[in-house]
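Next come two complexes built around chain A: one with chain B, the other with chain C.
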Partner chain A sequence: MAGYVVLLAAFGIVPTAYAVYFAFTSSGNTFTGLSNFVNAARDFRYVPAVEHMAVYLVLWVVILVVFVTGLSLVLHQLPARRISRTVRFLYYIPGALAGAASVMVWLFMLDPTVSPAASFLRLLGYGTFGQVIEPGHLAILFAMIAFWTGAGGWIVVMCGALNTIPAETIEAARIDGAGGWRIARRIQIPMLRKWIVYMVILAFAAGTQLFVEPQLISEASLGVAGRDYSLNQLSYDFAFQNNNVNYAAAISVELLVVCVVVAAVFVTRSRFFDAS
Partner chain B sequence: MPPMKSALRACSDVRPGRRRSALAVGLTAILAVALSACGGGAGSGSGSVFKDGFKQAPQSTGKLTVWVDSTRLPAAQAYQKAHPKVKLNIVTYDGDANGANTLQTKVDLFDRTGSGWPDVVFSAEQNETSWAVTAGFAAPLNEGLIPSSTLGNFATGALNVCTVDGKAYCLRNDLAQAVLWYNASLMKKWGYQVPTTWPQYQQLGEKVAQQHPGYLVGNAGDTFTPEIYMWASQCQASDITGLRAVTVNVTTPNCERMASLLDTLIKSGSMSKLSVFSTAFNKNEKGKVLMLPGPSWFGGAVFDTKSGLNVPKGQIGVAPIPQWPGSSPASTGNVGGGTWLLSAHSAHLKEAVDFMTWVTTSDAYQGDLAPGYPAYAPAAKVWLAHQASSGYYVGNPDPVLEQAAGQVWTGWNYGKWSNEAVWAATIDPGLTSGKTISSMLPAWQTAISNYATAAGYKVSH
Partner chain C sequence: MRPARTARQLPAALLLAAFLVFFVLPVLWLLLAATKTDPQLVRDNPLAFGSWHALRHNWDALTSFQNDAILLWLRNSALYAFLALIITLVAGVPAGYALAMTEFRGRRVLLVGTLVVMLMPATTLVVPLFLELNEVHLIGTLWSVVLPYSFYPFGVYLTYIYFSTALPPDLLAAARIDGCTEFGAFRKVALPLAAPVIALVGFFSFVANWTNYFLPYVMLPESSQYPVQVGLGLLLTSVPQFNPTAGTGAVLRPELALATLLAISPVLVVFLFAQRFLISGLLAGGTKE
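For the complex of A and B:
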C-alpha cells in the first residue's frame, strides 16, 4: 500500500500538479490565467486534431464494446473448454507486445509491397502504402490497431466476469426456455454492465492519449500521414518543436478534464458504485 | 474452474488500457538519464571560462560522445581507426532526416536535466542553427576553435546554412546540388537527346510515356521533391529574409510552370508518384528509370547501391539540370547536405574539434569514403577523381557536378520548420488521391505560412 502511494505520487500526482502549474503560467513563471488554453486552441492544428480525436474515440469505443462483449459471449458458450481457452490466449497475445512494437507490425501489414495481406489490400484497390494510409482512412486504421493490441486483455477480463454469473441463474433461464441469444441479452449483458462501464472509462482514457500509432505512421510514411493528428501529438510538438511547454501542458490538462468528466458521467449514470 | 478464482486470475493477468504517452515520456526520461550517464556533458557550474567566443565548460578527459546517422557511421568508425587512442562513444540516431526534429527534442531535455549533451553531432538537416544558436547548444567555430584557413576551404556558400550574424556554428558535410541523372545506354538505344530545357524535358517525358510505357523520366513522391523541381524553377517557397522573417509566394508563374510540368508527366505516366526510397519503387522500377532529376548523392544512394536500383557499371550519366528558356541565371535545387555541430557544453573541446574537422575535411573519409559530394573543396577534388576513375559513370561526371555546385538558387533557404514535412503532409496525400499539384499550390502556400508562423516567423507574401 505504501509502495503504491509512493509510486502514485511520483508518477501520477506530482506530474499532474506540475502540468497544471505549467498550464496556468508563462515561460517566465507568471500566472497567465487561461491564455495558454486560448492560444493553444487558436493554433491552426488544434481544431483538426479535436475533430480527429472525436471521430477516432467514437469508432474505437464502439468497436471495442461491441466486439469484446460479443466475442466474450461466444467464447463463453463454446462447449469445448480447451478451444475456448486457446482462442482466449490467442486474442491476448497481441496485447503482450509493447505498444510501439505492435504498431510496427501494422506498418508491415498496411504496406501492400510487403504485407502478408497484400492481395486483400489490392482487392480493395490499394496498391501502395500511400493509398492505404490516405487521410480519410486514418481514424479507422488507428481504431483497428488499438483494437488488435488492446481487445485481447479485455476479452480475458470479460470471460472472467462471465464466470462470476452463477450457473443456477443460467440454468433457470434455460429451463424457462431461453436460448443463447436471450440469455445473453436478458441475463449476461445486464450482469456485465459494470464491467462494460469500467472498460469504456479506461478505453476512453487510453483513446484520448492516442500518440504512438499516428507518430509511427507519420515516421514510416515520411510525414505524409499522421503528423499533428492527435491532441497528444500537438502537445508534443508544442513542447519540443515550438519550445512551448505551457501550451503543451494546457492541452494535457484539457485531456485530463475531459477524461474525468466522461468517467464521472458514466459512473453516475450506471450507478457504478452501488452495492448490488 | 471456480468462477471467482478465474475472474481474479483474469484480472491479475491483464493490464487493460495502455498508458502510451506516459510510456513515451518515461522512455524519454530513462534515455535522457542513460545518455547523461554515459555522455560527456558537463554542467555550466563553476570553473567555466569565456574563450573562443563562448562560455566554455571545465575541460576534462573522458569519452568523446558523437551522434551520427547510419550513413555517417563509417565516418566515425574511420576516425576511430585512424585515431585508436581516442576513446569514442558513437551513438547512432535518425540524423533528423525528413524533419524528424530528434536532436532539438533531446537537447531540450538535456537542457532541463543539465547534462547529457553529445560533444559532436551530425544532422541531415540544414536548419539546425535556427534553434541551436539561440538555445546555446551550438558553439561558434570561427572565433578561435577552427582556423580560418580551414573554414575558407569550404565551397563558396557551403557554410551559409551554418552562419548566424557572421559566426559559423557548424561545418557542412556535403553539398547536394541537383543534377539530371540519366541512363545513357537506354537514351542511345532509343535515339533520345538529353534535354537541356524543361520544355524539352517535358516533351521527352510525354514521348517516353507513349513509345515506352512503364519507363520513368522522374519521380514526384519524395518529401524533397519540391527541393529538386520547385527550387530549380526559382519558386519562392521559403525565402528567409531575416532572423525570423520569411517570404512565401508559391502561386507565382515560376511555381506554376513547374507544377504544370509535373502534373502533365504524372498524368502521362512517365513521372512516378513513389518515393525513390520506398520498397515499391525499388521493387517495381528497377531497370525502368530513363532519367531522374536529383541531388548529387543520388549516384551512390539510388543508382549504385544494392538497396536501391542497383544499376550496373557503365550505364548512368550525369547532365546539368534543365533550365527554363529566358530564365537566368542558370539555377538548380539542393536536397540536404548535412551539417556537423559542436556542443557548447562539451568538456572535451579539443578532441571534439579534431573529430569534426577530420570527418569534414580529411581525404581518408570525405575524399575516399563519403557517399556525397564533399563540401570541403580540397576533399571534393579527391572525391571527384574517384568518381571519374571508378568507371561507374558514362563520361566524366566531375564538370557537371562542379558547375551545379555553384548554381544552387539562393532564394530558397531553411527555416526552423521543415518544408519537407509540410510538402509531405500537404501535397502527397492529394497526389495519391489524384489531385494535381497546380490545384494544391494555394493549400501549399497556406500550410507553409501556418508552420512558419507557428515556428515564430513573420510571414510576408
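For the complex of A and C:
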C-alpha cells in the first residue's frame, strides 16, 4: 500500500504539480500568469498542431466506435462459435505491434514499391511513398494505424459484453418479430452503451498521446510530414529544441485539463464507483 | 430457408473477411519480408517466401549493425519491462486489495486520485517527469524508465474492481475469525483467488512497457541504453529508402522488417499464451455486475 502511495505521489502527482508550476512561471521562476499559454499559442506551429489533433481524434474515435460495434455485432451473431473466436483472435494480433513496430509495418504498407496493396494504392492514384503520406492524408493514416493495433482488443471486450446479455431477452425479441437489425438497435447497442462510453473515453485519452507515429513518419519522409505534427511533439520540441520548458509545460497542462474534464464526465456519467 | 439464410450471411462474411485481410495481411507480409533480399522485396510477389539463406543473411547483417545493437536493445527492453512488472505487482496488487476490502482514512481520495491519473495521458507527463528526474539526477539511468513504468494506476484499478466484485467479504471475515491477521487474510485467502487478475495486470503492464516509445526516447540519451522500440527508430533512420542521407552502415529494408519481428516477438508470444485467460479475465469485472 505504502509503496503504491509513494509511486502515485512521485510519478502521478509530483509531475503534474511540476507541469502546473512551470506552466505559470518564467525561466527565472517568477509567476507569469497565462503568458506561457498565450506565447505558446502564438507559436506558428501551435494552431496547426491543434487542428491536426482535433481532426485525428475525431476520425480515430468515430472509426473505432463504428467499426468495433459493427464488427462485434456481426461476430456475435455468427452461428459458428469457433470461427467467431478465431476471427476475434486474428483481429487482436496487431495489438502486439503497438508503438514503433506498427509504424514500421505501415511505412512498408504505404510504400507502393514494396506494399502488398501497391496495386490498390496505384488505383487511388498514388505512385510514390511521398504521395501516399502527403500532409493532408496523415490524420486518416494515423487513425488507421491506431485502429489496426487497437480495435481487436476492443472487439474482444465488446463480444464479451454482448455475451452477458441474457439469451432469453434476445429470444423474446425474436418471437415478437424483431429482425437482427432491430435487435441490434433496440437491445444490444443500448446494453453496450456503458462499454462504448468507456471505450470512447479511453480511446480519446490514448489519442491525445499521439507521438511515435508522426515522429517516425517525419524521420522517414524527409520532412514531408513535419516534426511538429502533434501537440506532444511540439511540447517535446519546446522543451528540448527551443530550451523552453515553460511553453512545453503549458501544453502539458492544456492536454491534462482536457483529459481531466473528459475523466470527470466519465466518472459522473458512467457511475463507475458504484462497484463498491 | 437455408439458401435465404446463407444469402443473409454473405454480406457479413464478406465484411469479416475484408477486415481479416486488413488486420492479418500486414503481419503476414512482415513475416515473409524478413526472408527476402531487398531486390526480392521490390520485385517478387509480396506474399511469396524468400529463402532461408536470405533470412540468415538478414540476421547476420542486422546483428552486425553497431555490434549486436539489436540484441542489446532486446535485453534492455526485457530488463526494463520485467523490473517494472515486479514493482507494479508488488506495489499495485496490495493497493487494489486495500482499496476494495478495507476502510481507511483517505481511501476515497486515493481511489479518485488513481482514477484521474489513470485517465491522464501518460505521454503528457513525460516532459514534466523529465524535469523531475533531472532534479534528482536520474536521467540516463535505468530507474528513469523503470520507476515511471512501475506506477500503473490502471493495474490498481483492475485489482480493485476484481476484489470488490469477485471476492466475498464473508470469506475474509471467516479467515479473521479463524485467527488470520489482516496481512494473513490477504496472503492466504485473497492472493490465491486473485491469480487471474494478477496475470491480467501483469500482461497489460508488460505489453504497455515493452511497447512504450516516448518515455525512453526522452529519458535515455545513449543508444546503448535504448529499448528495442527506440532502437527501431534508429534503424529506420539508417534505411536509405526512407532517409537518403543515411550514409555508411546503411540498413536494408528486409533487415528492418526482421528487427521489427524480433521487437514484437516477446509480446506476440505473451499474446498467444494469454489468449484464453484474457478473454475470460477481461470480463471478470464486467460479468459480475
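Following the convention adopted for this analysis, the second predicted complex is superposed on the first by the 249 of 276 C-alpha atoms of A that agree within 3 Å, B and C clash if a C-alpha of one lies under 4 Å from a C-alpha of the other, contacts with A are read in each partner's own complex, and residues count from 1 in each chain.
One rule holds for everything that comes next: a residue touches a chain if its C-beta (ideal position, glycine included) is under 8 Å from a C-beta of that chain, and two chains touch if they have at least 3 such contacts.
All values derive from a computational prediction rather than experimental measurement.
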Where does A:161 make contact in the superposed view: on chain B (first), on chain C (second), on both, or on neither? both
Go through the superposed model and pick first if A:89 touches only chain B, second if only chain C, both, or neither. second
Should A:61 be classified as contacting the first partner (chain B), the second (chain C), both, or neither? neither
Taking the superposition on A as described, I'd like to know which of chain B and chain C A:224 touches: first, second, both or neither. first
As a test of reading the superposition: which chain, chain B or chain C, is in touch with more residues of chain A? C
First, second, both or neither for A:234, with chain B first and chain C second: neither
For A:113, decide between first (touching chain B), second (touching chain C), both and neither. both
Touched partner set for A:262, first chain B, second chain C, both or neither: second
Give one of first, second, both or neither to describe whether A:242 is in contact with chain B, with chain C, with both, or with none. first
Identify the partner contact of A:205: answer first if only chain B is touched, second if only chain C is, both if each is, neither if none is. both
Once the two structures are fitted together, what part of chain A is touched by chain B and by chain C alike? 11, 92, 95, 98-99, 111, 113-114, 156-157, 160-161, 163-164, 202, 205-206, 209, 211-212, 219, 221-222, 232, 239-240
For the complex, which residues does chain B have touching chain A? 1, 3-4, 6-11, 13-24, 26, 98-101, 104-105, 108, 131, 135, 221-223, 273-275, 277-280, 283, 418, 420-421, 424-425, 428-429, 432-433, 450, 453-456
For chain A, which residues count as touching chain B in their complex? 11, 43-45, 92, 95, 98-99, 111-114, 128-131, 134-135, 149-150, 153-154, 156-157, 159-161, 163-166, 199, 202-203, 205-206, 209-212, 219, 221-225, 227-228, 232, 239-243
Which residues, counting only chain C, touch chain A once they are in their complex? 12, 15-16, 19-20, 22-27, 29-30, 33, 41-42, 46-47, 87, 90-92, 94-95, 98, 100, 110-117, 119-132, 147-148, 150-151, 153, 156, 160-161, 164-165, 207, 211-214, 218, 229-230, 232-233, 236-237, 239, 241-244, 253, 256-257, 260, 263-264, 267-268, 270-271, 275, 278-279, 282-283, 285-287, 289
Interface with chain C, chain A side, in the complex: residues 1, 3-5, 7-8, 10-16, 18-19, 22, 67, 70-71, 74-75, 77-78, 87-101, 104-109, 111, 113-118, 148, 151-152, 156-157, 160-161, 163-164, 195, 201-202, 205-206, 208-209, 211-212, 215-216, 219-222, 232, 235-236, 239-240, 245, 248-249, 252, 255-256, 259-260, 262-263, 266-267, 272-273, 275-276
